Structures are given as structure tokens and as C-alpha cells.
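You will see two complexes here that share chain A, one where it goes with chain B and one where it goes with chain C.
== the complex of A and B ==
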């Protein structure tokens, strides 16, 4: 098949990197770093090439029969490139950041090995061409992130890891049940932009509704839909780069992305709407949006506050998916990228405060702005983006979601968006105020001198760069190849077969 | 053309980065009065311009027309004069980095919203200005400033949310367009514009000090450093008014119920705020109440236009005159609060008389711009409404009453100014800044006919 090598090479890059890193002795850190950066850069280039091809209508894919009737399918379509592009881009930054973050700490071979494996799984999820392949990589992601969550080996980390694995494997089992039942009913369904089930026998509708619930519940664990979100705030004990991976690049996104695939590429948006499953999904998402923000408000630990914020923000994506109509779709899909860029910035910054100053709690941040101006500037930009202040990334999302809700005659979503913006302001603005306006109270909890800049260069530049991206994706939203333009392209292909 | 607009907005935005180090800060203080210069050139040199930038944000447009030009002119003059004053009194003071960055960002936002022809640009500028100005409000770091800042930011966030919802609804009516002109047209054509109108009136009303949404204003405006009070009360308050003017369907459709309500709110502001202000004990607070009262004039006129659309073509120029008049006079009045008066009794008395001059314009004495503003308003609302508003016959009397109340209010201000402690060392630069704004304000009747 033509065009098979590009998706395979993209996957192989991180798999190979992972194997090399596992094989390297612990002390060979310069080789390890070189391999890491090379693989990340190469993968970004491959994904960029593939994105260009997909834009021009070229086909990349591979399909072969693993078991009788079950095929392993990789396929690059527009929505796949949205997720692949996000992970490839943010992975590069996260890798750089992780190299700086873990400098001098033990077990780095293990860490970076699983780190690469995790990103390989994410790319697999993005490029999977049917539910079976998707499930395979989805579980691989669970298994490769577990060692990262428990990396520090403290009792707290182990407890968080246990909770993480129980939640995600449980979710995986439910997902598998849904996949198998759907297979029995409808056979092996390759993802297709307009879905498959439009012409189904009406007698099967109840079963299809039940299967939809199973699939979404299974995926909802990783997407942290309430009440399946419990693992996410606990898992914030993991090192900052892992949090970035969980919250922005890979894990929660895999869940949300799975829901995109199920709604659009299996059921088809028209069919899902006529089946009546979108409205309940919208309610769950709306509830999660508000619940996550409310909980974030009461957290005094910075990373925990950010974690509940993720719960809320990922639900925006699901909310957009459940709004019938291209505008809602665009809003949901574009947030897949926007949330990733903003949240990765916030977690990088939280990591910088923790590593450089020993600050973990919000009320310890007084005066951190003048001490770490670039980090704090990046944090401020991302926080305002999250609140939805124009022209930053989050505003574009909210605008598209709002218009999508009005177009879909679901105006009740607007108050939800407004309330969530208000709550976002309530839990982000006090942090900004502390950073910049409050004077420093005595010494920092545990200050370390890391390099000549305000912190280690590898910790500083990734958040600065992603903060610049937060501005750019909003300011250039209407330019070609912006996330918004790409989401438009995806929606166009989904609604106009 | 586009570069001239970009320069006007980007110069203060980029200048904010100069706060980073001591030596660039020195430079920034010297640049501060000149930051609005490109905007001033734009306002004076360009009559009508509209530049589309399809790739920017959700499709942006720079726009300058007869409506926006006076806003840009007033804002750039006021920010320039107040910038000179700020340099004189705040350079080297505590938290100067905080002040400088807030100042530059608020300025950039204020200029941006004026020249934005699209809702996203307007909203972005509005938000930038609002959040940055919060930095000016809390600058003193006193319990009073922090409390004012809390009330300010709470009301600002609520205003922003009402605005977001209103703009979304208006954009939906306009078939997804983000251009303000198209939104206004769509609101005019819509059968049920009620919710969108209510949200937009509220969202901008917070900034404009509309009664019931006004209570943050007498707390926040006076507590900022004096030059910041001047731009808050002279320039930024006008952003709410401009918002109404560019997005409401003025001259397109008659909205008697909305119009009457807006007129009533304008009257309440005009009379109520003046009355309330007389009972306050601080010169700057009196001026803040006076701002609410004066904005009532514009609200009243806006309501009249909503009732009688034909009026719009006659009075659209009035808003430009009002903005220049009130912006410059109020700016000068605020700056005079911080001026160091001579200690010798005669010189002191003379100085006090001189600084009272801009107040005469606000009161509306003959030969001042205030008089022109009031006369034009009186003529419009007494002639063209033709009984559409039940209490129309009372309007001229109420306007005369407002003149009396404004007189009392500003006498109160002058009394408070007089009883302030004098200082012997008279600094020149603040006086230069004051003189600039006062001269521009008093000379307005001479040069306004050329501009408007």
C-alpha cells in the first residue's frame, strides 16, 4: 500500500527511541538526551510532512489482518493529524523540560524509556484506523504511564499509581466490552469521517445506545468526566513533566479523542443526534465543566488546582463534540489543541516554582513574579487564556462553543460557559495577583540556584515558548494552518461527505 | 494604512517590556508622555479608514471614522498629558514597575478598542484595558485600595461576561460575522434583539457607570494615583460609551421601551450622582461622582436616539464633542488635585482660581464646550422626540437643574481642594501637564468646528 511507511515510521521513531534508552546504562545521559531530542524532532518532522500530505488529500495508511476478522489499521486523516500534531509538538517541549527537570535524579533510563513508549502509544491512538487498533494503543498508554506516575516511589506516589491503574484498567475493561459488543452487532468498523451506523436496523437502536454508553464510560475515565475523574487530581503527585503528559499531551486527550472517534467516525454525528445520545453527553460534560471549576476553587495546592481545572477544561472538548453542528465540532476539536498548549504551560510553570523555589501551595506564591518574571509571565498568559480573555487561545474555543450552542439551539450551554469563565477567573486571578503584586514574605521554602537565568534554561524556555503559542494560536486563529483552520477542515470533512 | 494602526496599538504594548531593567525603565519614563503619539497622528491625519486583516484573530478590521476619531483624539491627548504628569510625580516611587506595566498595557488596550472595527479586537482591547487598569487601582496597596480593587475586578469580570454573551448573541444574529457594523445592523433587523441588547447595555454599562452598575466607580477611580485617576475617569470610562455607539442599532430602528429606560437611567445618573457627590469628603471622589453624572448626559442622548432613530444623523457628532469636552476637562480637574500649590496666600489664591477654570466648562458656562454640549442636547431632546417619552416636557427643566447641581458639586470639589494643605516647593512638570489639558479643554470651542 502506498503511503504506509510514513505512519509506521512515525510510530517506530518513539518505539525505537524507547528501546535504545532502556538499553542505555544510567550514566550515559548525554547519549540519552541526544536520542530523546533527535527522536522528538524527527517525529515532529514526520508528523508535519504527513499533515501537509493530508491537507493535500493524500492517503497514508496500512491495514493487515491480525486475527480472522480483526484488522490492525493505521490511517492518517485530518482529525488524526490534529491529535498527532499536538502530541508531537508538545512532546518535544515536554522532553526538553523533562531533561532539565530530572537532571541528576536517579532512574532516568527507566523514566525516559517509558516516556517514549507513552508517546508512541499516543501516536498510535491518533493514527489508529479502527476501534480494535485504538483499544490496543489505549491500553498500551495506560501501562506505559503507570511507571511514570509512580516514578518517585514514595508511598503517596504508589497510592496514586494504584488508583490510576484501577481507574484506567477498569475503564479499559468497559471500553473493551463496548468494542466487542459493537463488533458482534456490526462487524469490524474502520473509522470513517461520516460514521457507519446511519442505515442500521431500528431494532438495534436500544443496543446501540447501550454500547454508546459503554464506550463513552470507558473513554470517560481517561477524559476525566465526572464521576470518573477521581484518579486525575491524585495523580498530580507525579513529577511535573508527567503531569504535563497526563493533562495536556496524552492521557486525558486520549479519552476525549476516543469520544471524538466514537461519535463522529463510528456512529456518525447525524446518527448520534437522531439516536438522542448527544444531549445526555452534553449534560454530563456541562456538569463536569462546572464541577471541575468549583473544586479547583477550593484547592490550595497549585498542582491540584490545575488538575481540577483540567477536569473542567477537557469537558469543554466533550461539550463541543456533543453540540450537533459544525461550529460545536470546531469548538471541541480546537480545544483539543488549545487546552493542551495552555495546560502544558501552566504545569511547566508549576514545576518551575516547585523546583526552583520549593513552592507548592498557592499562598506561597507571593512575590514569585519579580523573582521568576518569565515563568510568571508565561503562567499569567496561560491563565488569562484559560479564563477566555481575547485574543488568547481559550477565547477562540469559547467563542466557537458559544456559537455552536446557539446554532444547535442549545442556548443553555451559554450560561454554563459564562459560569465556568467566572469560576476560572476566581481561581486564576488570585494567583496572578499573588505572583505580581504581593511582596515576598521571608525566604522561599527551598530555593535552589539553577543556572544563570531565573531557573534552569531547559525549565525556562519550554513554558515561555508554549505561552507564546497560546498567544499566537489566538491572534492568528484565522490564518491558514492555525488550530482553528485545521479544526474547520476536519469539521468540513465530517459534515460534507 | 494598516501599519499606522498597528503602530498606534503596538507601541505602548511593546513599551511595557521596557520595565524589565533599571536603565530601560529610565528610558520608559521619558517615553511615557509620547506613547500615544502615533495614535494622535492617526486621529488628526486620517478621516475615514477601514482596513480588513482577514488572518488576524477571527478576521479583524482596523477602523477610524467620524465617530471614532474624537475618541482617539481625546484618549491620546489625555494619556499623553497624564503620562507627563505621571513621570513627574511617580518616577522612582514605590512599585514603579507595577505602575509602568499597568499604565502601558491599559493604554494599549484603550487605543486598541477605539480603532477596532471587529468585536474580537474591541473585546480584546477592552479586556486588556480593564485588567491592566486594575493594577492602577490597587497601586497604593492600602486596605482601601485593595478593597476598591476587589470591587472593581468583580464588577469588571461580570461586565466582561455580559459582554461575551451579548456579543455572541449579536454575532449569531449577524450570521456569524464578528464585524461590529454588521452586528449593529443585525440587531436592528432582528425581531427579538431584547436579550442581546440587555446584555450589551449591561456589559458596557459597568464601564460607563450606568446607575446600579456604578458603585465600583467612586471607590476605584479616586484611589488610583492621580494621573491614573485622570485617565480612568476621562478616557477609560468612555470605552463603555463607545461600545454602545458601535454595536447598538443606532439610527436603524426605533426601540421606544429600551430608549425610554436608557434615558431614565441617564437622568438618574445625571442628577443622582451629582447630588450624591456633594456629600463626599474627598476632592477626587467628588470628581468620580461628577464623571458618573456627566456620563449621564451621554446616556440620556443615547436613549433619545434609541427612541427616535432619525435623531442619530443629527447628533452622532454630539458624542464626539462630548467625549473631547468631558475627557479633557475631567483630566485637567483630576490632575489639579495633585498639583502643589504655592504657600504664599496671594499666589495660592490665584492658583486656586486658575485651576478652577476647567470646572466652568463642566458646569456649562457660556463660551465653554460644556455649554455647547448641553445646548445641543437640550435642542435635540426637546424637539425631535415629539412626545414619545412621557416626561419629555420636563427634560429642559431637569437639564437646568443638573447645571445647578453640577455647580454645587464642583464648588464642593473646589472647597475641598482649597482646604488641602499647601506645599511651598512648586514642581513645574505637573503644572505643564495640567496646563496642556486645561488649555486644550478651554480652547475646544475654537478648534472643535474644524475637527468634527
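== the complex of A and C ==
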């Protein structure tokens, strides 16, 4: 019995929270915050319980016929829990952060309502048991993030929202076409570990290659693969918690996660490799890694720099997938988590600088370290992690990816990884240098006193905690239930039928 | 049991039409609320009955055709009867609060409303071509009257245009019916379908002219020009009724005629032509919706576009395997239902928004998202269904139609469906965008009563949830129709 209710309850937690929040009047702040945090905690507990069950090999799932011949399926497997765990954990922090960030600003009822809806969609994406159900939640995510992107209601925000929606709805239409064609051809959209297309008639191979291209192009929009990445840097005008949601918790991850599902659970990694579709994907990913880093170098706006860094970092995940082999898989999957934890820290910190000091540009950060030591420490740790300095999270990823590339005889990936690490250092280290070693240049652009600490407590502790996590997942990578251990489990189940 | 239900279902709207003619606005409103509840209960009971026991023929007053009137009570018909009850009751309740009782002519809303309801039920249930005609005429006259309730001179002008278009459509249809009667000596749909074994020029011409007339009445491009002014200028609940239900009646008749006669008469070209016109409607209607400065005209032009999808039924149900045709029929039926729910929700919400911002223009919506979230939310949810985004009924319809068009090898209709969805997103997001603008720090808007805001929300939620229960709904539509006769 618990097999059916646990995934449903997980999904319902945020849906219900969203409905309650929409129904609450704007001025009921404390009730809203309580509901938010209760829901986030409960959801984390449910996901943890489900993860434990999946680890022990228990089955959680529910399905019913939604349209003639097409089923709505929720199913918890190892990959699903990877993504669900990430979003549930980071949602809790992002919620706490958002409560502090939006204090005293209007439209909070709308914000938190759609915020919960976003996370419900993300959980749905994680738990979807077939491509059809995945698509439902994928589009729901698009719609529920729009109000968050345009939250400020300024002309700039509205323009960003328009660009976001053009990209994502266009991608959604391409994805839908791919899904419909696949259903026409094979009549089966289920996700199965090791995939289920390898028995397909060879005459269908060209069609399957075309469908793969459509699916990846549709998903690549959210995953911000070059040249489909244009919306992401523009969308950074949104409030910082929304950026965290876009870059770390939900949106770009949904795209990358979709590619994981398509490659492993629909096509099957062996079959995809034999079709020859993985190598072009690897090129696109490698190009995106370099291109994103190069663009990040030239950005003077802090959040914009971080946004281009996301473009580059998400492509690591895709690169790991397209390296044919268990090690590459582990590297890609583990980066799904690692990048989330590090990027959320960076965006929280960027938000803190903007809210507390009014600093938006990199060159205004001189001397911010002594003024906001904990925030700057967190930022430094996450930046080092991104560069891949051992033993932090990013190093684990790059190590696995490098080994995967060698194992797969794709040695050309190694220079890409090295170059990208160099570029990461080039755009992150100057920031760190400015934070700690440059003298203060005068008054801050718009300094505000928020609480007794260096900034509002709810703004301070989330990034500090995620920075600690960045260290822990790197240092304790070999421990059971670390992201790496879980990614190993996933890869084991994916490669051994 | 079922004959009592049928009697009640057909009798109530006519009786209430007469009753309301005699009463003043408020009294008629009270009476109508009772009538609507009764009608809802009857429709629901009939639907449940048919869902359990299957469809039947019903001879009105016990007189068998051709002398009496034979009604065909099948899964499709009762679903539309139920849909009419839902949307009709929602619009009626909304109108009761929305219309201003102090204007003397507003009290004619109620008799016209009930006549419209009677006509709609007659069309859904009619088993022969002539009664379909009678139902359509009843609908037309009531609908034109309702548009005139808008009051001012432009409303009269729009109503007259509507009347002329609708009369041309009716005449064309009637001519076709007469030709078919001369050819086959029968008016019942089944009889004509059986008679049309081979293609005869007269029957082909009759089919053609009937479809022409019905297409004009359903506002198919390029015969759509009457729709935006009429639906744009009518009072919001009236627009909701017209866009949600009335245009569907003409389409329903066209579909029934086509499915009976189309295959026999080898009218593939006609089917493709209708499909092309539908596709043009999708593109042109959406484009116009994007450009309209007034909120209600955006919604009205969106109807032109959404009706275009319905006409994809014609190419997708002709000369294709049975399974594909069935998919297309299911998809179009879902589109009819979800559009009826979503569009009426959207018109009612638009009416509320116009009431609140005291302007008909789209730009006036700035700040609405902050101060009137509920009305905007209903509008937005309805928009989700119009865009064909999951999990709405519009998405389910799009999915089935995409399947049908790809399975039949007619991939170009799939392109229309995908592009149409994006165009719909363009005009819906234009409204969101306008309303998300932040302007004033204080609330400048009139706040309508909560009940006015709840009604469109319920309809929009139904449209949204329809996709999740599409399979059970479709299974009632596809019930086997035994054809046994039940009479009192």
C-alpha cells in the first residue's frame, strides 16, 4: 500500500502548500511562512523515506490510464531519487532564503504559491515513470516559473519573461513532437533501467536518430545547451531565490535530467552509442562547456557571470552522459547534485551582496570580504568547488569525468576539462581576490542594516550551510549515501540489466 | 426512469422561458436559479443512466418517426447535454450578478437564455436532419436577441450581422436537407446514411451546401467575420454562452452529417478543404487575437482560432483506418468540451476584469496581478487549456489529434497543431505580461463580489482537470449504442 501513497504524498505536499498559500490573503505572512517551511520539511522527510526504501529495493509507484493508450505513471527509482533528493533538500534552503529575501516586498502570496508549484512540478519530473508523464510536469514547470521570472514587474523583468517563455515553449513544442513521434513508432514511452529500444527494427534507426535529435533539442533548451541557452543569462534579472531555482534546483536540472532519462531509460546507453548519437552530443556539450566559460569571463555583472557559468557547468552533466561508460555516467549524475549545491550557494551570496550592500557588479565587490565575512567565505568555498580544487565537490566530478573519458577512449575530453577548469579559475579567482585582498573603495552603493549579523539571518545561514555541504560531499565522497555513492548505485543499476 | 428524465430535461427550459417572460428581472433570476439546479440534476442523472445502461432512442410523446420526433440519446449527446448544463448554469449564475437589473431590457435575458438552452438540448439529442434545423434556428434567434442586450448601437449592428450570417447558413442547410429528402425519402440521420450507398450528384451537392451553411454558422474562416464583433460586444456572460456553446452546435451538426454521409459520398476533397480552412482559421484568428487592443476582442478572436481545430476532424476521419478516425473524433470531442469550459471561463473572467479596471483595453490591466489575483488566475488557467498545455483538456485533445494526423500520414495537420499552440501562447502571454506590470502603490481597482470571481475559476479548473480524466470521459462517449427504443 505504501508503494502508491508515498510518491503521491510527496507530490501532494507541495501542491497542497501551493493551494493554501494562494488562498491566504497577502498580509498573513507568518502563517504563510509556517506552511512553507512545514511543507518543505515534510517533503524532505518523505523523500528521505522513499530514498531509503529504494536503496533497499522496495517499489514505489502508481499509474492509471489518462488518455486512451497512455498512462500517467509515477515511479521512484534510483535516478529519480537523485533528482528528488536534490530538489527537496535545496528547496528547504531556498524557501528559508526567500522568506528573508522578500521580507517587506509586495506580491509574496503570488510568489510563494508559484514557488511551491514549481517544486511540485520538479518532483513530478523526478518521479515521472514515462516520457508522457515527464512531459506533463516539464510543461507545468515552464508555466509556473514564468510568474517568478517576471516577479518584479519591471520592463526588464517582463522582457526576460518573454524571452524565457519563447525559448521554453518552443522547446516544449519540439519535445512534444519528439514524444508523439516516438509513441507512433514504438508505442511505448516507459522509462526502464537499461532502456527498451535495442530490440527495434533496424529499418527504424534513421527515424530513431531523428527523434533523438528532437527530444534532445527540446530538452536542451531548459538545459541551456549552446545555441539554446539565450534565455538563461537574461532571466537573471529575477530575484535571487528565483535564480537559485532556475540554476540549481529546478529548471536547468529538469532539462539535464530529461536527457539522462532519454539516453539511459528510453534508448539505453548501449543502443544510443551504437546509433552514433552520443558523440555529436558530446561535441555539443564540450563546446558549451568552453563557450559558457569564455562568455562568463567578459561579464561584469555578478549574476550574469554566474549565469554563464551555469551554462558551462550543466554541460558537464550532459558531457558525462555522452561519455559512453559507467564512469562518465557517475561523473555526470554526481554533478547534477554537486553543481546544484555549489550554484545555489553562489546565487545566495550574490543575492546577499545585492540586498545588503547594493552591489551588483563584480568591480564593486572590492573589500566585501571583511564587511560580510561569512557570506564571502561561503562564496569562496563554492567558487573553489566550481574550479575543481580538491577535495571540494567540483573536483570529484571532474575526476570522474576525466577517468570516464579515458576509459571511453575519448581523450580529447581531457583538454576540454583542463581548459574549462582554467577558465573557471580565470573568472572566479578575480572575484575572490577582490573580496578579500582589495581595499574598500568608499561607500557601498546602497547599504542596508539587516539584523544584528552581517545581514539578515535567513539570508546568511542558507549559503553558509550549503557551503559546508560543498565541502562535505567532496570530503566524504566515499561514505555511504554521499551523492557519489548514490550515483554509483544508479550507474550499477543502469548498466547491469 | 429515463423517460421521466427525458421529459424533464426537454420540458424545463421551455417552461422556464415562458415563465421568465412574465417575471421581472429579480424574480426571473430566482426562478432561473431553481430551474438551473433542476436542469443540472436532470442532466447529471441522465448522463449517469446512459453511462451505466448505454444509449437509447426516445420517441417524444410516444409517437414514432416519421410522424413523431425521435431523439437519439447516446453517450456523445448526453455528455454535451451535461456540458450545456454546466456551462449554462455557470453563465446564468454569473449573469444574475453581472447584469444590471435597473436597465429595463435586461430582464429579457432570462427568457432568451432558456430558449437557447432548449435549442441546444434539441440539437444534441436530435435524431433527424429537420429537427436539427429547428434546434439550430431556435439557437440562432435566441443568440441574436442576447447579443442585442449589449444595448448600444454597435451591439445592434453586430447582432444584425450575426443574424444575416446565421440565416444564410440556415437557408443553405435547409436547402441541403430538402435535397436529401427528395433523394432518399428520409430525414433521419441513420436512414440517410444507409440510403447514400453510392455517390449521386444531388446528394454530394446537398452535403456540400449543408457543410457550407454550417461552417458559416460555426464561424469557420473565411466565414468568421461576424463572430468577433458579436462576441466582443455582447455582455460577458452572453459572450461566454455564445463562444462556449452556440458555435459548437453548428459544428456538431456538421460533424454528424459528415460522419454519416462523408464516407459514402467520397468527399475527400471537401474534407481537406475544410481542414485547410480550419488551419487558416487557427493562424489568422491567433494573429488577430495578438493584435487586438481590447481584451474581449482578444478572447473573441481566440474563438475563431480554436474553432479552426475542430475542423481538422473532416480530413482526419475520411479515408483513414477506423482507429485513426476514432482518435480524431475523440480528440475533437475533447476539444469541444475543453474549449467550451475554458472559453466561457475566460469570457466571464474577462468580464470581471473589465468591471474592475473600468476599461476594455489590454494595457489597462497593469497591476491586476497584484490587486486582483483571483480573476487573473481564472483567466490564466483558462489560457493554459487554450494553449493546449498539460494537464488540460486542450492538451489531451492536441495529443489525440497529433496521434491521428501522424498515424494517417497527414503530418501537415500536426504542424498546424504545434504552431497553433505557440500562437495561442503568444496572445495569452500578452495578457499575462500586461497584468504583471507594476504601476501604482495603492489599489485603484473595483473589487467584484467573490461569487463573480469563483464561477470562472470553477470552469477553468474543470477545463484544466479534464485532461487528467480524459480516458473515463471518452469511455462514456464511446459507449455502444444499441438502438433500442424507449418510449413513455
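The rule we apply is simple: the second predicted complex is superposed on the first by the 495 of 497 C-alpha atoms of A that agree within 3 Å, B and C clash if a C-alpha of one lies under 4 Å from a C-alpha of the other, contacts with A are read in each partner's own complex, and residues count from 1 in each chain.
Operating definition for what follows: a contact is a pair of C-beta atoms (placed from the backbone, for glycine too) under 8 Å apart; a residue touches a chain by one contact, two chains touch by 3 or more.
Being a predicted model, the structure only gives us computed values, none of them experimental.
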Legend entry - chain C versus chain B on the shared chain A, clash or fit after superposition: fit
Inset, instruction - May I ask you to decide whether A:373 touches chain B, chain C, both, or neither, giving the answer as first, second, both or neither? - result: first
Inset, instruction - State whether A:5 touches chain B only (first), chain C only (second), both chains, or neither. - result: neither
Inset, instruction - Could you look at A:67 and tell me whether it touches chain B, chain C, both or neither (first, second, both, neither)? - result: second
Inset, instruction - Once the structures are superposed on A, label A:154 by its partner contacts, choosing first (chain B), second (chain C), both or neither. - result: second
Inset, instruction - Put down the vertex angle at chain A formed with chain B and chain C, C-alpha centres only, nearest 10°. - result: 170
Inset, instruction - With the two complexes superposed on chain A, say which partner A:388 touches: chain B (first), chain C (second), both, or neither. - result: first
Inset, instruction - Have a look at where A:414 lands relative to chain B and chain C in the superposition and call it first, second, both or neither. - result: first
Inset, instruction - With the two complexes superposed on chain A, say which partner A:474 touches: chain B (first), chain C (second), both, or neither. - result: first
Legend entry - First (chain B), second (chain C), both or neither touched by A:59: neither
Legend entry - Smallest distance from any CA atom of chain C to any CA atom of chain B, in Å, after fitting: 44
Legend entry - Overlap of chain C and chain B interfaces on chain A (superposed complexes): none
Legend entry - Contact footprint of chain B on chain A as seen in their complex: 370, 373, 384, 388-391, 395-396, 398-399, 402-403, 406-407, 414, 418, 421-422, 425, 429, 436-437, 474-480
Legend entry - Residues of chain C touching chain A in the complex: 327, 330, 369-370, 373, 377, 384, 389-391, 395-396, 399-400, 402-403, 406-407, 414, 418, 421-422, 425, 429, 432-433, 436-438, 467-471, 474
Legend entry - chain A residues touching chain C - in the complex, by the definition given at the top: 22, 65-68, 70, 72, 106-107, 109-110, 135-136, 139-140, 142-143, 146-147, 150, 152-154, 158, 161-162, 165, 169-170, 173, 176-177, 180-181, 183-184
Legend entry - Sites on chain B touched by chain A in the complex: 20, 54-60, 97-98, 120-121, 123-124, 127, 131, 135, 138, 141, 153, 157-158, 160-161, 164-165, 168-169, 171-172, 176
